[in-house]
């Protein structure tokens, strides 16, 4: 259905997600450091890394094919496009039909697929291992994510995120019912998996035994690596925004600069909360063995299924 | 002669035929079997004669005569000749013990009577007791073929069952048209001829009885 | 005396005279020429007769009578005889070369074949049931000699089994005939000579005594069923068909067992009239199903290609019996069509198999491999024959099986249909397994690479053409013939 | 040109092609192949025109043409309505590609093939295409069955056409047997109707079926469904598929996987919504739910088995099982929702649209992928991807097109695979909202399984593409590969263009779906329901009140993607032009070799362990040690997974049957006494029965 979020607004939201991505990463790192009684790096460190990477020369594996160079670009583009689909500042469907949850998941999957291709291209063992594991986890995450989306979509009768948010309305927490709590629980279980963090993945190391996502980046360098990193920041940001849009889409309805700022503030607050949650989880849990992950996701699946059952039955 | 007398004579002949059949089944020696078949054919010829006298049907006289000549004389003689020609053992080796064969033949007789009893009294007027006897003879003849080794005994059994058919044909329907009867007999003679040739052929190539070959199976 | 009546006594005479003429020469070329010539003549005369009958109904002459029903079988017979004659030319050269046939006995072989054909012609044309029986026994005797023709003891064993078992069988047939004759005589409709005539018996058939006719029909069914190769009386069949010279196998499987079926059909009509259609229906259904089921395991676990084809004939005779049993215009039409289709196809299959056997010097299908490589056309025809026998369109057997199925489903014989279909699929698997094994793969070293000789190919292509044509559509003339024949049975 | 002349012309093209290539058998094989494929291409073009003529012609148009009488007992006819035309369209689209691809492929693969075999190729190809086209155009049961079997036969010939090893013959046998079993079921289903109708043409069948009692109708439907499912390769009836499809030449595999399976789908739809549809009211609920269940199972299991295949073409074949499952999910949902309520019929239209669209999409990308695999095969003569690798540098165009196909089949935006899956998801969501109770839950579960399928497909094709085309070549075969001939590239490019077009502007395809959907379901066609907001936007209204619909525009997403890619490209170039140099891949300091590359087996191992319950994986590792057991010279690894249906149903059945018949045959007597005994016994038993029954 035709909403009132103009294309400009959508672009603005997209840009926000893109630019704030590294900041969120930085925040999480900072909190983790604090929790581990370290000073930790500056909040803006990720930006500095990116800037450095984009200035560097690039080294490419001699066995890599012509696809290799274009992959970071495509990954970044796909992720950012996904960013265009989540409502951040204001709820309600966009004017242009760009707000579908399934499409968003599709774009994220596209980014992941291309990343795996890039990892295999160089032809080293690490890339293959990372790709294999990533592509093992991803299919298990997707159905659960889909069911979480459905658990809210069934009520609203649409998969358009803006519309979903609008349907949930502003008094979200008061209106929550058991189904919502279960769905939210499932979503929280998925969050580390989707953002590639402990207990599913460990973003900080390149150790063979622990890495999934980082292993796929090994052969990228310079601007390419920069694109990949930026993409993963954005991806994490998009996921957080998706959660907030699905479960607590508080945001002013009115137009005008004031309400816009208010919207930015609220969403920033929500994302901060989620970031803190992630940091807490990361510093309080250990990484799971790869073959324990399916069980872990199974819990999420059951939660989502029960949530749906409560909705439908 | 009155119809009843004829009927009773036929019945008695039927009983005698059954007796000869039992002789064939029980025969321990090939000659006995051959003689029994000859006797059987003789009885049938007599039956033909009786019926001919009763009905005044000329065809029946001819048929009786042919039976006498061919089946009571010629074919037994041929068999006899073959037996001497290829000096096989005179004893008949049964596939299953003779007692068992006898039991089976009794069963067959019962079945044939039961079947013709199923026709009901009215229809039995048409067939009389000849039908069950005929069935019994025919089937027992085949039984002999199934339970006696050596090709010759099989030929004997074949003739016996042919006799059964002839008897039925005469008794039940005053004989079939003459030309048919003659044709049938010619066929039987031809068949006997071919069989004899085969038996001798096998005897000459591989020294075995043709009826005992069982290489082809499945 | 009209043309039709003349033809009635000329038709049996042609092969007989040929047979005796053949005894006068030893030259193979003359013999083959006589062979092809007389079968071509037979074919021509039959076609003329067919036109006569189509024009002016059945013709009768003494004990002989031709109607559309007989004509169906007669046409099949003459076509196969012609194809066999053509095939024999090339087959014989090869057989004599490898010493399978002694050149000096050839004339007796040809003479016997033609006597065999003559007896079959009489069987088909016989109106008098006694004559039918006599001719049937005649076919047994002549074909028995042919089966044992090779003279080695396997052949003689098969021949002995064949002659003994079928003689027993049709002596039961004679018994049945006698009983039905008795029933007819008892009604005292007309002179005793008439009462063995089928055409004379049909009008009064409904007045015959059902009890006797029932017993008689059972005897006939078992008797002629033995000759037709219905299970469980079929055991002689694979032996005989596998041991006979290939052309004879084709005739046995293609026509002879069909003649026995014709006998059964004639009696079935009488029985149906006398004691209701239900009785013969169920008898035929039972024997048909038994045949289809019994044939299956032997087809699956077979190694000898000719035995395979033999068992396959058992299955197809069973199908014909099923068609007759289902009855009705559709079922009967289908059964008659199946008689023709199976005759043609099975002959083709025997021809192709015969060539393959000659190439590899063995009948074992584990030895015959990669025929397509050594003989492209023959191999293709082999595969086509197998597919057609398995009931794959666009070949003719699919159509007739379809009609039999139609009849069965239409009349609601669901159990029979279920068994039938299951067996069809399993047999299909078995047959294709064997055919594929023979056709594809690398040929064994034993295979001879010599080029394919023309005359067998011509014979096979003739049959294949008929097979495909009947599969793609039934010409109006054939359709008319089959319809009239069906009416005779169903009426 | 008048559409009426279409069928005749099409038949002329295919028939002419078949005959001419047969007549050229004695002459030059290349000529025969060439003529055959040209004729096939012409026939496909005619079919394309014909179908477009019907689909875009005036709505509800049905071409009915009688066929000259062949069989006395049945009038044969052709009838081409929307559904037929749509499937004819799909067939023709892929057929064009196959016909263009074929000659070069055959020449490259086996240059020394004998003329007879090449002629057989041309003949069978035309026969195959013709039969497929006319199955969809059949207007009566007999034509349908004849063409159906002709299709099977022709494809069988093509499967066994290359009989270098016995493997193909065995695959062909299995295929033929299962197809025959399916046909047997179809026969019963059709004859059950025709015997009631007393006629063969579909019109009469329709009339009869509407008067059938529900149990009979359901039985007929399930008979037909069983028959078609066998052909469609639905699990557990799929065992023939992964053997037969790879055995055929690749362009034929493309046709078999991309199109022939769809003919079975056509049959299912024809039976469910047309022939057996009741006069009024919904379909029996058992139908839809069964189809939905079967579809879901096939989708998941199909892709799971595909994951563990290392034979490229076999992997693709298993993916056909998966995609057929997805199509059946849509079809089953349409059966469930049809005529339920006012809006649900619109929803049913969405579901059917999804199914039909996925039919076309799968035809496009599966055709593309099979052709790509064919190019690899004819350049390397290797199908096992473990022996490939590094082909992207040697066959760049092929690699690029294959990658495009991989993205499409993995249901990733912005290509066509995603569109149909998106529609399926929407339909499932709608179904969940409409169908309350456990049914709704089942539907949602199906949605989850669909998501799982998509993810697994992505994993599978990351493996397939990565291991085949990327990294280093593992064997000389791959080492010396060269780019495929242009005609083959062109054929693939044609299909790739279809994938992109259907992905970026699906709204325009909806126009083609109007005729079939409205013909089957009645009511408004797809474009009215799905493309209500113009061809650029796909929109689905799920709730009765119309609020809360979903809209999505592939076109805009694609545009956005392209724009952002351009921006990112600039960004990547960096502020200052950074130099780029190449260096060997990092392998912990060792000198890299092909043995460092991740193999397909290794790539799929985690999922093999996760789903071990389904795979029953078997692995045996043998260490080859020298004098001391601690010094290992060589390690042999052999692993395989079992196809549950195959091992537990088919192998067992086949073994039992053969053992049974072996024993029966061994027990059978060869002695004449037994023969006589049987005859006598039969007679006695028969006489007894008569005596007892008629006493």
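Each chain gets a letter, A, B, C and D, in the order it is written, and its residues are counted from 1.
The criterion applied here is as follows: a residue touches a chain if its C-beta (ideal position, glycine included) is under 8 Å from a C-beta of that chain, and two chains touch if they have at least 3 such contacts.
Given the structure is predicted, the values throughout are model-derived calculations rather than measurements.
> By number of C-beta pairs in contact, which chain pair leads?
Top of the contact-pair ranking: A-D.
> Counting only Cα atoms for the centres, state how far chain A is from chain D in Å.
Going by mean C-alpha positions, chain A sits 35 Å from chain D.
> For chain A and chain B, let me know how many angstrom lie between their CA-based centres, rounded off.
Going by mean C-alpha positions, chain A sits 100 Å from chain B.
> Just curious, how far off is chain C from chain A if you go by their C-alpha centres, in Å?
One centre to the other, that is 78 Å.
> Approximately how many whole Å separate the CA-defined centres of chain B and chain C?
Spacing between the chain centres: roughly 31 Å.
> So which stretches of chain C touch two or more other chains?
Those would be 160-161, 164, 168, 172, 211, 215, 298, 301-302.
> Where in chain B do residues touch at least two different other chains?
Chain B, residues with two or more chain partners: 115, 118, 135, 142, 145, 154, 211, 214-216, 218.
> Would you give the residues of chain D that are in contact with at least 2 other chains, written as numbers and ranges?
665, 668-669, 672, 676, 679, 683, 687, 690, 694
> Considering every pair of chains, which are in touch?
A-D, B-C, B-D, C-D
> With touch defined as at the start, can you tell me which chain C residues reach chain B in the complex?
Touch list, chain C to chain B: 128, 130-131, 133-134, 137-138, 140-141, 144-145, 148, 151-154, 156-161, 163-164, 167-168, 171-172, 174-175, 178-179, 181-183, 185-186, 192-193, 196, 209, 211-212, 215, 238-239, 242-243, 298, 301-302, 307.
> Write out the stretch or stretches of chain B touching chain C in their complex.
Answer in residue numbers: 115-116, 118-120, 123, 126-127, 131, 134-135, 138, 142, 145, 151, 154, 158, 161-162, 164-165, 168-169, 172-174, 176-177, 179-180, 183-184, 186-187, 190-191, 194-195, 198, 201-202, 205-206, 208, 210-211, 213-216, 218.
> Can you check the complex and tell me which residues of chain A touch chain D?
1-2, 54-67, 72-74, 76-78, 80-81, 84, 93, 96-98, 100, 102-103, 105-107, 109-110, 112-113, 116-117, 120-129, 131-133, 135-136, 138-147, 150, 153-154, 156-160, 163, 167, 218-219, 222-224, 226-227, 290-291, 294, 301, 305, 308-309, 312-313
> What part of chain D is in contact with chain B in the complex they form?
Checking each residue of chain D against chain B gives 665-666, 668-673, 676-677, 679-680, 683-684, 687-688, 690-691, 694-695.
> Going by the contact rule set out above, which residues of chain C touch chain D in the complex?
Per the touch definition, chain C meets chain D at residues 160-161, 164-165, 168-169, 172, 211, 214-215, 218-219, 221-222, 226, 232-233, 235-236, 283, 296-298, 300-302, 330, 333, 372, 376, 387, 390, 392-394, 398-399, 402-403, 405-406, 409-410, 417, 421, 424-426, 428-429, 432-433, 436-437, 440-441, 472-474, 479, 483.
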